[in-house]
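Chain lettering (A, B and C) follows the sequence in which the chains are written, and residue indices restart at 1 in each chain.
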């Protein structure tokens, strides 16, 4: 059953590649994602698959454990909504061939699903590498020098990160060899079971390499340098998927490694590193967000900041773990809506620079309004979802006695709010600049409805967390914290 | 007693022969007949009978410099063990004395060059001492490797018998030392690829230009001193490369001489196949040699 | 398990690293990385001692891909853009060499703290692998030409492959082939990107790729 989750997008990618019509090809995308989401709902709903990981036999390469459930739901729904937007986006550029674009989108969905479901360190690594490669052509969709530069940086830096992650995986495998086990293994179940016996120096080195490697893909500072360029130059739906889906996949990889550390009883070492890098990410993002002239780069730095928040949440532990997992969903949805509405703004005003964009609320009431709402959501204003998760992390920090962490976290959130707010308010309010001739961009159903849906979900998560979701998150948090 | 006699004979007689062999090899490579192998001896004899011209702008440093250089190199020659025998002068720490005697010679030669007040000589002196700075670590790391392997700090003890067993245990280190010392030999003795001994263009010279204004017996002293310096470095390399010791002193001397001549031929071959490096690339090569020798030392430590 | 030929081969691989740090001619660097690839491809034979059929297949595949195919791809990219020299890297050649030497020393030191299994003890594989990874990283970050950066990535992957030698007996075939495949695909894609860079800017100096910044 779970194999279909990977094979369906893969098969449809081949179909999409073969379809000759440039006009109808994009519409296959939401169709595939609809099927994917339906399958995900079925899989999540079936109680028989919610088994304890320890009961599953060790030869399982793909396992749906509690962590996977959280991420799978997020990815699937994000892809569905973004592909609806994409279909409308691509129909506005009929002269550009979207064959490679659509194929790569479906391939990356397939590979991301593989990352989430894989329970073997090596397979997860292969899938992560594949997501890097399949996203690269999409960054270069517009074929101008700037996007070429962004694609080159993305490819180079992420490949180096993935290579380091491979070395870390090797180190982990060697630690099992050194512990004198019957054969070295990379299955998560075995690693978790044998974690207490693994050699400490090797595990520490492995954790650092894996954290740096997958952290590069996740966008943690100081390895985040590809992120602003890639998000800034990519087409809007690709940026949305990068921020909302790809970064959380890398986060999942880090969570799996952290899980092994917890099982080995060595969580303190991992927590220190994660806390330091998380705070550093937030700080760097805050600094670069002030007076940022390009609003898509602004959103990219916001992604860096939120990845920092996620890692801080895990590092604090306890209640903050639940909050961090909730924040994955909140951030993913909000970021996607922000990027999509930013895409609308860019199409309408013809530029990403803040000096050229002004008065978005008057020119594009829906997108401008949603952009403003997204900004309020992402910086943690009630009643939106991110407020709940960010506030929970803060209270967890103070309640476990980490006052410095909590204060620094709060301060950086404030700086981000002020920095981002100054830019966003300038974009959204005021009078739009005069343009000669008709406006090139009209708000359509396909460019507006996905964003409305996303913001609606974010609002709902802020007002009331549905019980099934709460259960899944709770299960995942317990799974992570107790190391079983 | 016999050992000291052999040592003196080798030190006095062999160096110019090495130069002659190098020149001959290069000629053979170029398809010429070239100068006779004993030509350097004839040159020295010829120079001895000429008069020394001293410029009015120079001081006593000008002719004392080469003399001190030759004296320092000569004393250093008595520190290096040749032909498997211990050197006439040997004590713990004499490797430092060796390096500094060579440095003393270089210093006085550079002073003599600067003394002339000519810009060509000054330029040559500046280049020479810069490259010597960069080449210094190579010698020291190589000596450190040998010291670590033998456990002593005396040249004669380091290069004695136990070296052959060291080849089996740390062959990689010794090979790296050999390679880096060969580069050092080329650098310190102004051979291609660092300096072309046959060039006529003063702007491209390093060592030749320092001695442009010398003449007569003083020039003879300089040439002989340079040959002796080449001899010393070659002796170190040959000893590390052929560490075995034979019973008969004369047989060992013969093997040693053959080894030196083979090394001279090899230097000639290297000079024939390579071109001279651009001056900005010389530090790169020297640093690479230093890194190699440092690496050989680190390999021993693990 | 380890035949005593392995250590000199590892030393040779490390020397190739130093050569690549100091060389400015691109052709020399490409030959060096191809040579290193062939050297690494031969090493499984010396790690294992005896050659089974799949080990032989792995050796041949590694040598062909690392030693022939990938350098050919990079040379092809080089010919397309008519460059032959790396001029003036961000960190000049001499400091690069010194940094590489320092990195090798650090790798040797750090590898001492990592305990090895009894059958592997006394081997240079871990320090060599870490040193090669550091060298690759250094080349990647300090060179200006996109092709040299791609070569730096190749060296990084070589370092990782070196470490994989320790796990050849125990690791599933899947990941070893995954490494090779990933390398191939990455270089292929990088080649395409370099081609586009050249078309866009008529040059592959990454100085042109410096417009996106804050």
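Heads up, the rule we're going with is that a residue touches a chain if its C-beta (ideal position, glycine included) is under 8 Å from a C-beta of that chain, and two chains touch if they have at least 3 such contacts.
Values in this document were obtained by computation on a predicted structure and should not be read as measured data.
K.L.:
Can you check which chain pair, A-C or B-C, has more C-beta pairs in contact?
P.N.:
Higher contact count goes to A-C.
K.L.:
From chain C, which chain is the farthest off, judged by mean CA positions?
P.N.:
So the chain farthest away from chain C turns out to be B.
K.L.:
Taking every chain's C-alpha mean, which one sits closest to the mean of all protein C-alpha atoms?
P.N.:
Per-chain C-alpha centroids compared to the overall one single out C.
K.L.:
Taking each chain's centre as the mean position of its Cα atoms, how many Å separate chain A from chain B?
P.N.:
65
K.L.:
Please report how many Å separate the Cα centroid of chain A from that of chain C, as a whole number.
P.N.:
31
K.L.:
Just how far, in Å, is the C-alpha centre of chain C from the one of chain B?
P.N.:
37
K.L.:
Hunt down the residues of chain B that sit against at least two other chains at once, touch-wise.
P.N.:
none
K.L.:
Write out the stretch or stretches of chain C touching chain A in their complex.
P.N.:
113-117, 129, 133, 137, 140, 146, 149, 153, 156-157, 159-160, 163-164, 166-167, 170-172, 174-175, 178-179, 182, 185-186, 189-190, 193, 196-197, 200-201, 206, 208-212, 214
K.L.:
Under the stated contact criterion, what part of chain B meets chain C in this complex?
P.N.:
171-172, 176, 283-284, 287-288, 291-292, 294-295, 298-299, 301-302
K.L.:
How about chain A: which of its residues touch chain C in the complex?
P.N.:
Of all residues in chain A, those touching chain C are 122-123, 125-126, 129, 133, 136, 140, 145-146, 148-153, 155-156, 159-160, 162-164, 166-167, 169-171, 173-174, 177-178, 180, 183-184, 186, 199, 201-202, 205, 228-229, 232-233, 288, 292, 297.
K.L.:
Per the contact definition, I'd like the list of chain C residues that touch chain B in the complex.
P.N.:
Touching chain B: residues 7-8, 11, 14-15, 18-19, 22, 93-94, 97-98, 100-101, 104-105, 108, 112, 124, 127 of chain C.
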